[in-house]
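Before anything else, here is the set of structures, which you'll find just below.
The two complexes that follow have chain A in common; it is paired with chain B in the first and with chain C in the second.
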Partner chain A sequence: MMTLSEEELAEELSDGGLTRAPSRVRVVSGRFFSSRQGQIGFAVLTLMFVLAFAGPLFGRWTYTDKDFTAFMQPPSASHWFGTLQTGSDVYAVTLRGMQKSLVVGLLAALVSTALSAVVGAFAGYFLGWTDRALSWLTDLLLVLPAFLILAIMSPLFGAGQWPLFVIMLALFLWMVTSKIVRGMTISVKEREFIQAARYMGVSPVRIIFRHVIPNLSSLLIVDATLNVSSAILTETSLSYFGLGIQPPDVSFGTLIADGSRTAVYAPWTFWFVAGLLVVTVLAVNLVGDALRDAFDPSASRKVRR
Partner chain B sequence: MSPVLEVRDLSVSFDDVRAVRGVSLDVRPGEVLGIVGESGSGKSLTSAAVMGLLPPGARVTGSVRLHGRELIGAPERELNAFRGKSISMVFQDPLSALTPVYRVGDQIAEAVRVHQRVGKEAAMVKAVELLDLVGIPRPGERALAFPHEFSGGMRQRVVIAMAIANDPDVIICDEPTTALDVTIQAQVLDVLKKAQRKTGAAIIMITHDLGVVAGFADRVLVMYAGRPVEVGDVDDIYYRTRMPYTVGLLGSIPRVDRGGRRPLAPIEGSPPSPAALPPGCPFAPRCPMKISACDEGEPPLFEVGAGHRAACIRWSEVRPPEGAPSHGGPAHAPPVHPAPGHPEPGAPEPSHPEPGHPAPVHLAPGHPANGHPAPVHPAHGQAGRGQAAAGPGRPAAPEPRERGSRTVLEVRGLVKEYPLLKGAVFKRRVGTVHAVAGVSFDLRQGETLGLVGESGSGKTTTLTQILELAAPQSGRIVVLGHDTARLGGSERKAIRRDMQVVFQDPLASLDPRMTVHDILAEPLRTHGRRPGRRVGELLSLVGMDAAHAARYPQDFSGGQRQRIGIARALALEPRLLVLDEPVSALDVSIQAGVINLLGSLKARLGLSYLFVAHDLAVVRHIADRVAVMYLGRIAEIGEVDAVFDGPAHPYTQALLSAIPLPDPVRERARERILLEGDLPSPADPPSGCRFRTRCPKFRAELTDEERRLCVESEPEVRPLGADQGAACHYARRRDVVQEDR
Partner chain C sequence: MAGFLARRLLNYAVLVVVAASLAYLLAATALDPRSNYADRTPKPPPAVVDAQLSALNLNDKTPLMQRYATWASGVLHGDFGKSVGGATVNDDLRRRMGVTFRLVVLGLLFGSLLGVLVGALAAVKQYGWFDRLSTALSFVVLAVPVVVLANMLILVAAWANEHVFGSSVLLVSGEYSVGLTAGFWGQLLDRLQHLVLPTISLSLGLTAVFSRYQRNMMLDVLGADFVRTARAKGLSRRRALTRHALRTALIPVVTYFAFTFGALLVGATFTEKIFGWHGLGEQLINSIFSNDVNTVAAISLLAAVSVLCASLASDLLRAALDPRVRA
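Presenting the complex of A and B:
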């Protein structure tokens, strides 16, 4: 009897081990965090977020404050990053800009890539009328001049309306990728493991999310990585023209636009912002690369080495 | 006779990986040397090294002498003078061996003109002659056709014509028939023999098929892990085997000439990677005769007989697999030391085993295989399903089986046609492909039905029609008692749970982005069950380690992947398993393990199999009944031993007689029924009997009066015995295989 209960106990234990199953999420995240690239990228990105949201608490100035005793002063003890022509503290406005740009850039990239993946995969998987309708929508958005629409809609992006801005940005970034995704879906659909899932009785929508999209993950991750920078840059150029983020709020775009004018003789107005932008994009790229390797099973040996 | 080609100590390495490690061989004029090995054994690299066609980055050492002239390190210009003239090559894939944009006549003429000073006209005349020689009908006309207008078998004939264009001394054939159907393979081998007689060339035949070699080669070289492990005359290799690897290979081939299922003897494990070879004998980790001395160093090739060498330190104790010596002695004689009066005079007297040496190990098919899965967890066994397994393990002797009473799959008059469309914008229907034209069969509980046929016979279409569970174009499909024409969504899903499928290519059918755990959990989750412990259980059911669940399919070998595919199909405890060529992508030694696994699973879980294959030997081994398809119709159907021992349809007879047996003496003595030409297009099938255009009986035996019936009316399958039926007006049973007893 003793042995039997012991056996049962052992089975319970082994079952406990198995319920922590080596599913895809677990394996991918494990591989992501075991790669040097992923660790660094993730750490830097986290650091940037912490800096952007917690950093202002430690500064003596807020981004709306103006120090009328110090115009265009180089970094000093009271103004860590120096001041602007208006007397604003560069440290405060840079971090404020970073908050906006990080959130806008990352969210816009994620939303646009997700949109392109879903639209492309549905169009490619179902074909027929679904494909025609979705392709028509994609083409329509492709021919609409995005910049013009954004410019017209810019009055809406007042204070607190940044989620709308994110959605608008994303809406004009996804079309080309979705066309690529559609094409790749058509070829992936013919592969046997999709047939296997169909004959197993898996529903089409689930096949798309479980088999089709993960198999396009390399493309999608690269696309999302690129989209982060292009979203930040689009926002930058929109803000440069006075659309996008409206004063007194700031973003990397407005800051770089202003700073580039004074960069030559007052480098602190430009280089801190530009440096942080480069570091952000770099970290996003590292995360993207590591994610792609983590998703790609054939890259495993390279990652482990 | 001095050898025309001498290879000494040839090695090929890429970076630090030695893919070919010291190959030495001689080929004499007019001789056929077969090089046999599994994938990755270095056999193709050897031939490429001889031709000087290795990819850049490969380092070659050793010596290759053609008529005494060294080829290794010779300048490119000198090599070009040899290639195509003294040595020519026949590749596996005839489509990529021909340039698609030139007419085949021009391509052959070019091959002639490269090495001979002849005019364009003369070269073209020669090209037409060559096409005629390799048996291409209307060669003058066909010389003007492009490669894509030829069928696979015809293309391979063209490639052979090019290979013999300059009367070469050596023809290297790299898997020349692997991509072809078995009746076409027989034709091409016949052409190769004819070409050899005509040119007197030596042939190096590289293949994985021990049957092809048995009938074709004079001498055989068996390669393993980049090295020859046994060399000798073909009879020595097959009947007086001295290397455990060769014994294993021979024991693991399913045989079309063996009724009564004996389990195959797979070789355990898989071939080593050339980058990580074991310290001693590379075969030692898989060898059932391994002793500690095997790990001490790689054995050289021992001289074990006249012209027979084997790389095994225990060669004197190795015995051929049971049943192999079907001539010159009792077949099932217990494996004893060859008596002094052993019938094979060439066999060397074995050295007396030293005292204390392990007794001779006999590699019988019953030796414990990794294909035997671990016991299933009782909670998930078949007992809870309310249906008992079809019966105990298969009896050793085949008795006439009673067919089960429950029908799990019934197909009646199934028709599937595809429209042939033309035009880019407005598609016009220009014809109809009759992929399946009225197929009927049924499958009972606990039974295996083998569906065989060549490519284009409609077997895959039939399968897809069943798997789709949609209403067929015409006819009826009843799966597990449900007519597919009257199925609701939830019923369809319920049937999907009870009918599962295993695909041909295990790598393609497993999602590369999913872990094995997720792959096995998918069917369970889809049908609302929690995977939990079941995944580990499934893995052990197919003979794998539960710890493998965290890995990706890419991390496994082909055989292991197919086991995962089978485990996935078994996850929901189905009643009907549809197997689409489940072993044809695997190496012979691996294939045996999977076949054994399928056999034991069926017996234990009471499964029914619909087994689609083109390999009749595998079907004979695993199936209870067999249906032979030709051009969308069933030519013959019946109990497997009845059909294989006495096929009644001329097509079945030709098909069976075309299969090469891994038994040289019988292979040489066999009479082949060669079919003429290719499969007619399913878009334009012949009137009346679909087989009449290639039928040897129609051509040779029937009178004009009798022929009229064949032309005018299409034969239905008519019963011919207890459980056998053939769709032929003049069906008569005839033994073409002669069972090996």
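Presenting the complex of A and C:
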């Protein structure tokens, strides 16, 4: 964002016959918001965030409240999404679970993308033994289904240990991207500006963080977005079986597990939370896809995950 | 080609060994079989608990590496050890392997064939109604996790049984009805009725992924010169598409197959657990809760082996489709 004076300055400069190239951020966001996918995805995602974090302020109940006059009641004026067997308000509990799932998803995606960038860039930049060791580690983690390892380690995530859970989740999302980053690093490494930096005596680590990784930012941004949805889905599945977020914390997974038991005769305990989960993940995927097209319009027909 | 395969095989063998060891060490550290015995009422004397755990090679007072060595030498002789209850893991797993295998193979076949078909059809008429519909549907399906999908299928089936069919046509629990007395065809029908929903739940996600991939690959190939050449030399459109375009477009998809297999196993785990199939996946989740270290390690080993078999199969398939790999 420019301040007013900066903008005036920019105008003065451009009056002098200089035609400024539009900034990359502006070009990309322009393309992003002109696609229907981007518009819908962004709008829905914003709505979901507002709902998750501002929604509880408007409800009459908090997620710990229990209404002992209404067990298993269908949606009504006082309980917008109905109530659970315990008398908890489904609206309040669902939004609380949504907060948790969104936070877990976002953090896990950030950590895993950072990890894949660092591992991939180091492997691709140094090659040789570093590359062999890191690639082998990547292959090893790809062989073991992540769910399996996370499930085995689940006894370690006690109540209130969710940051540990986030880190573990991130540790198993980075492998495929890091392979892509490695390949791209090998080609970026040969470009003139990296060569120039190397001949000027800049240290390799500094080159990686200042020149290589920023040049792969478009890939990493798209990947981080799509990782949010896979993190949310993994978290949901683990928590569903009691292997992820532990009570008293609630998340989409624990709520869906509880709701599915009563869904036949009390549909509101299942469909609201399942619907919100699907809509959230769908919106994240739409945003990711639109971002990919916006960064690289020529790639819009190429491989999509 | 033979050298390439031999190197691949060796690499895979090392990966399996490391992966299985890692899984055993993790399980032995994170799970606590002692609590299964020590927390009983009345409390057994500690010496009895120790003796029992030592007999099962689960005693956490034995150094981890020693336990690992015992386990590993057993596995090398084809013995996965004893479960926390004292039964042999081998017998239990052999029974369950068939169940999981049937589910995974059916899911894989349906998912990949349907996915490739949908993707190819969508690409042939790009931006037609089928393309738009399949794209939208695959986006939605990719946003629904298997745990939610399976539950939705159960709910829909319960509704359909009641309102559409009028009797229990779609069965949602277990792999066959216990105590059913019907002839061979009756048994077969019963098994099929149980099989429909789990197969859908497992293969739908796969179909979505494969159709996206196949569509994009096919689009890249359709405009290529060799397809035009094939038409020019007089092949019909259908023949040019199936013999030349589809075959070339399948190559990257086959490579992708190896990556999806792990996800498929995880999906099978959820599906088994929710539909009450007594397979390996269900046993994995149960054994984590019952602190059954040896069973967890054995299932992890099987998972690693099958993932690697899948990637070996995808190498072979790729070689069959792509002459350049064979050279």
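Here are some notes:
The definition used in the following text is that the second predicted complex is superposed on the first by the 190 of 305 C-alpha atoms of A that agree within 3 Å, B and C clash if a C-alpha of one lies under 4 Å from a C-alpha of the other, contacts with A are read in each partner's own complex, and residues count from 1 in each chain.
Basically, a residue touches a chain if its C-beta (ideal position, glycine included) is under 8 Å from a C-beta of that chain, and two chains touch if they have at least 3 such contacts.
What you see is a predicted model; the values in this text were computed from it and never measured.
Comparing chain C and chain B on the residues of chain A they touch gives the larger count to C. Contacts of A:Glu192 after superposition: chain B is touched, whereas chain C is not reached. In the superposition on chain A, A:Met200 contacts chain B only, with no contact to chain C.
Looking at the shared chain after the overlay, A:Asn215 reaches chain B, while chain C stays out of its contact range.
Contacts of A:Ser23 after superposition on the shared chain: chain B is touched, whereas chain C is not. Of the two partner chains, neither chain B nor chain C is touched by A:Leu164. Touch criterion met: A:Ala274 reaches chain C, while chain B stays clear of it. With both structures placed on the common chain, the touch criterion links A:Leu47 to neither chain B nor chain C. Put simply, chain A touches chain B in their complex at residues 14-15, 18-19, 21-24, 27, 191-193, 195-197, 199-202, 206, 210-211, 214-215, 217, 295-298, 300.
For chain C in complex with chain A, the touching residues are 15-16, 18-19, 22-23, 26-27, 30-32, 139-140, 142-148, 151-152, 154-155, 158, 209, 212-213, 216-217, 219-220, 252, 259, 262-263, 265-266, 269-270, 273, 284-285, 288-289, 296, 299-300, 303-304, 307-308. Those residues of chain B lying in contact with chain A across their complex are 467, 492-493, 496-497, 499-501, 503-505, 508-515, 517-518, 521-523, 526-527, 531-533, 535-536, 546, 549-550, 552-555, 568. Listing the residues of chain A that touch chain C in their complex gives 139-140, 142-149, 151-156, 176, 229, 233, 236-237, 240-243, 253, 256-257, 260, 263-264, 267, 270, 274, 277-279, 281-282, 285-286, 301-305.
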